[in-house]
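Per-chain residue numbering starts at 1, and chain names A, B and C are given in the order in which the chains are listed.
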Amino acid sequence: MSRRVVFPNRVLPYLLLAPQVAITLVFFFWPAFQAVRQSLYRDDPFGFSSRFVGLANFELVLSDPNYINSLKVTVIFSLSVAVLALVAALLLAVMADRVVRGKRIYQTLLIWPYAVAPAIAGMLWLFLFSPAMGTLAVMLRDTGYDWNPLLNGDQAMAMVVGAAAWKQISYNFLFFLAGLQAIPKSLIEAAAIDGAGPAKRFWTIVFPLLSPTSFFLLVVNTVYAFFDTFGIIHAVTGGGPARATETLVYKVYNDGFVNLNLGASSAQSVILMAIVITLTVIQFKYVERRVHYA
Amino acid sequence: MIEKRPIGALLAHFILIIGILIVAFPIYYTFVASTLTSPEIMAPPMPLLPGGHFLENYGGAFGGIGTIGGVGVGRLLLNTTIVALTIAIGKIIISILSAYAIVFFSFPGRMLFFWMIFITLMLPVEVRILPTYQVIVDLGLIDTYTGLTLPLIASATATFLFRQFFMTIPDELIEAARIDGAGPVRFFKDILLPLSYTNIAALFVILFIYGWTQYLWPLLITNDNNMNTIIIGLRKMISFVDADTQWNLVMAITILAMVPPIAVVVLMQRWFVKGLVDSEK
Amino acid sequence: MAEVGIRGVRKTYAGGFEAIKGIDCAVGDGEFLVMLGPSGCGKSTLLRMVAGLETISAGEVSIGGRVVNDLEPKDRDIAMVFQNYALYPHMTVYDNMAYGLKIRGMSKADIESRVHKASDILELRPFLDRRPRQLSGGQRQRVAMGRAIVREPKVFLFDEPLSNLDAKLRTQMRVEINRLQDRLGITSLYVTHDQVEAMTLADRMMVMNGGVAEQIGTPMEVYHRPASTFVAGFIGSPAMNFLPARLTASGVELNGGHAVPLPAGSGGASAAREITLGIRPEHLTLESGQGIGDIAVKVELIEALGADTVVHARLTSSGDPLLARLPGSARVSNGDTLHFAITPGEVHLFDRQTGRRL
């Protein structure tokens, strides 16, 4: 990664790096270190002192049924969001790749949700599906369906999944479209000459060639569902009803800032850190693979 | 395309239009609501065509005396713009400088710094939420623009994007500049920076959106309603659901909170797509 | 105006690899020195050391009598033309040429007059407002030259400037560089792996191999009196024939007993020794009256090029391969047995072990 030709200068590079490194140390490394440290301590009931308790906070967290519930919620939420957003985006990208005229207009209209803040995406869906005022909620109830996400956990989950997936379609669409356009037309033509029809061509040529993109997007979508959807949950359900939509990130926030349980929140932070590190490593291992595919 | 089958093309257009309807409907629905009166909104099903209260609602959103917790929409939009611009421009500046140091100089600790920046990818706000908050409290940065932006300005992604671009610059260009008499500062200013404009534009779109849509961080850092971003303000408005909530104003403000980032993405679409695809390589 | 002195120059990389193993060369004022050799011979490294782009591990480089080892490139008063041109892509042709002058703080008017003068010489006037990507390869090459010319440096350095051009443009640009050199008379160091460029451009050439200067001399010296088998084989096309032979008091004896009379002037050997005999294909003739010796060969393959006919053959006595370039009028066919004579004075003798000329 180093170049053959560099400037011979001793001091300047440090000056150039100083701002980034200072922010990194103060706002990333120091707090991360503190999170790890605090996860090993527990405050006394009066908050005057804290004592070292080893891994007791982790034991407590991992044996807490609410935490296990939150883990399950997160997995279901993330997978649903990823699958929904990927399938919808792939369908739209394949169609957009097919049309000759209007490709650009479709793209323009499909990328809007990317610019919408997660919290606002949640609000939009709330406006549509709120039992009190949502037009779609009324229409659902008119069909005889008992729609009330404020009381029904599964329906609340469906609503936040919908909002989160809706927002992610733009991103996936652009990557799938780029991936489709990178497939050499000669390959498709060769398959056509070999006698493969459109459906067969898609499943035997296009889809396998898209698999690096798909895998990459799966990882990115999972990270997104884990971390970037806090705003949706916070604005729409507040983790409810009855913790049905309480994801891990929401719980860290809730335990730390609402319930003010420092040790437990820190232990949860450390567990989340382990999850991010795993996901990042997978993502980067994959980046090397992608080079070979391309 | 191999076969030109009109039915296939028709089907493609049909599916795309359905997709767009689904994607655009929530935004359109909110826009329609923003042109109705509050009682109309509260009596679903709502009409699907805009009503006649556009000026009244948007005027009300701006003109109302402190629509949200005593703060006007103008102030919230200003706060959000300041935050989004500071984060985007700040990230670009410190990332391009870091990448320049890492790629074009050879010095002790170069790899150490590279890894330090890389590791921040694995430390999103969410995993260090309480201690980072504590740092902000200790530094007295609660309810300040500095507190809202500074911790978000470090950027591994932007640094990597610039690094990757810098690696493609041929050695001979640097040598030619050295022979022409340009030192590191002039080379950066006269040659590297102009060559990076496209990358900077692409990153700007992505980072502006990133800054505009921040939620958890401003939620923690602001107590004073005067320092709220528009998204936090909106959240506060709808969280006290009672009969008095002026839903027509909520809808208008929601649209106002979406227009700037959508405008940036749509108007700078070319750079947006490039930035998105490049920054994930 | 300046001489370039290269004295005992060495380049050793951090890993211990020695790229330049001690080279001495004095380039006269206004002289055009071509550094020629295969890739990896160190010719570009040596040029970059003169430019100040590589540090000098040992020895001394001087320009105009001043030792420049520790000077930055910008302080050496040199200009360089790169293989890939290295034009600034975001600047116009005018700005590309003017950039170095601007940095040196020259006045706008002076810059303009210099750039206009250079662009007239290089016929770049119509392109001054274009950017590099709007130019053809040959035009970019000329801009790169223009950037060097406007600086009016003491020394021009060229690093394979023509190798990115197609064959036709290369010939054309070679002629242009030749004219330019006649007109400007600035000391030039020119790196290439192309022997035609070297032969046509050089006042003197340095043939390099493995970090060593095998020979420094005028093109004709190098052609007619190559200092080693490496130089002899590198210059000339088709390449020189090398035949294993023995040097005796009476002359040279080829494998299988063919004898070649010793060329006049080359010292005989009191004791017989193993040598390599070098003969250029163009110095073999079928007219026995015009040459010395009598080498019998059997023809294996004929390449008729029109003006010339290249004959691939084997010595009847030893089976050693031999190439001859005969006039296109020569009547030869496969399987013929021919008798070649060697043009007098064109017999080259090399030590079998060291490859040095005897």
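Details
Keep in mind that, in the parts below, contacts are C-beta pairs under 8 Å (C-beta built on N, C-alpha and C of every residue); 3 or more make two chains touch, one makes a residue touch a chain.
Here the structure is a predicted model, which means the values were calculated and not measured.
If you draw each protein chain as a dot and join the dots that touch, you get a simple line with two loose ends. Inter-chain contacts peak for the pair A-B, counting C-beta pairs in contact.
The distance from the centre of chain A to the centre of chain B, each centre being the mean of the chain's C-alpha atoms, comes to 16 Å.
Look at where the CA atoms of chain B average out and do the same for chain C: the two points lie 59 Å apart. Among all residues of chain A, those that touch two or more other chains are 5. Contacts with at least two other chains are made by residues 53 of chain C. Chain contacts: chain B has residues 175 touching two or more partner chains. Chain C meets chain B in the complex at residues 51-53, 72-74, 78-80, 82-90, 99-100, 103-104, 147. On the chain A side of its complex with chain B, the touching residues are 1-7, 9-10, 12-14, 16-17, 19-21, 23-24, 26-35, 38, 88, 91-92, 95-96, 98-100, 102, 106-121, 123-128, 132-135, 137-139, 166, 169-171, 174-175, 178, 188-189, 192, 198, 216, 220, 227, 230-231, 234-235, 249, 252-253, 256-257, 262, 265-266, 269-270, 272-273, 276-277, 280, 287.
Against chain C, the residues of chain B that register as touching in their complex are 170, 172-173, 175-182, 186, 190-191, 194-195.
Contact residues on chain B toward chain A in their complex (touch as defined above): 1-3, 8-9, 11-13, 15-16, 19-20, 22-27, 29-30, 33, 41-42, 44-46, 93-95, 97-98, 100-107, 110, 113-114, 116-117, 119-124, 126-135, 150-151, 153-155, 159, 163, 167, 171, 174-175, 183-185, 187, 209, 212-216, 219-220, 231, 234-235, 238, 241, 247, 251, 254, 257-258, 261-262, 264-266, 269, 272-273, 276-277, 280-281.
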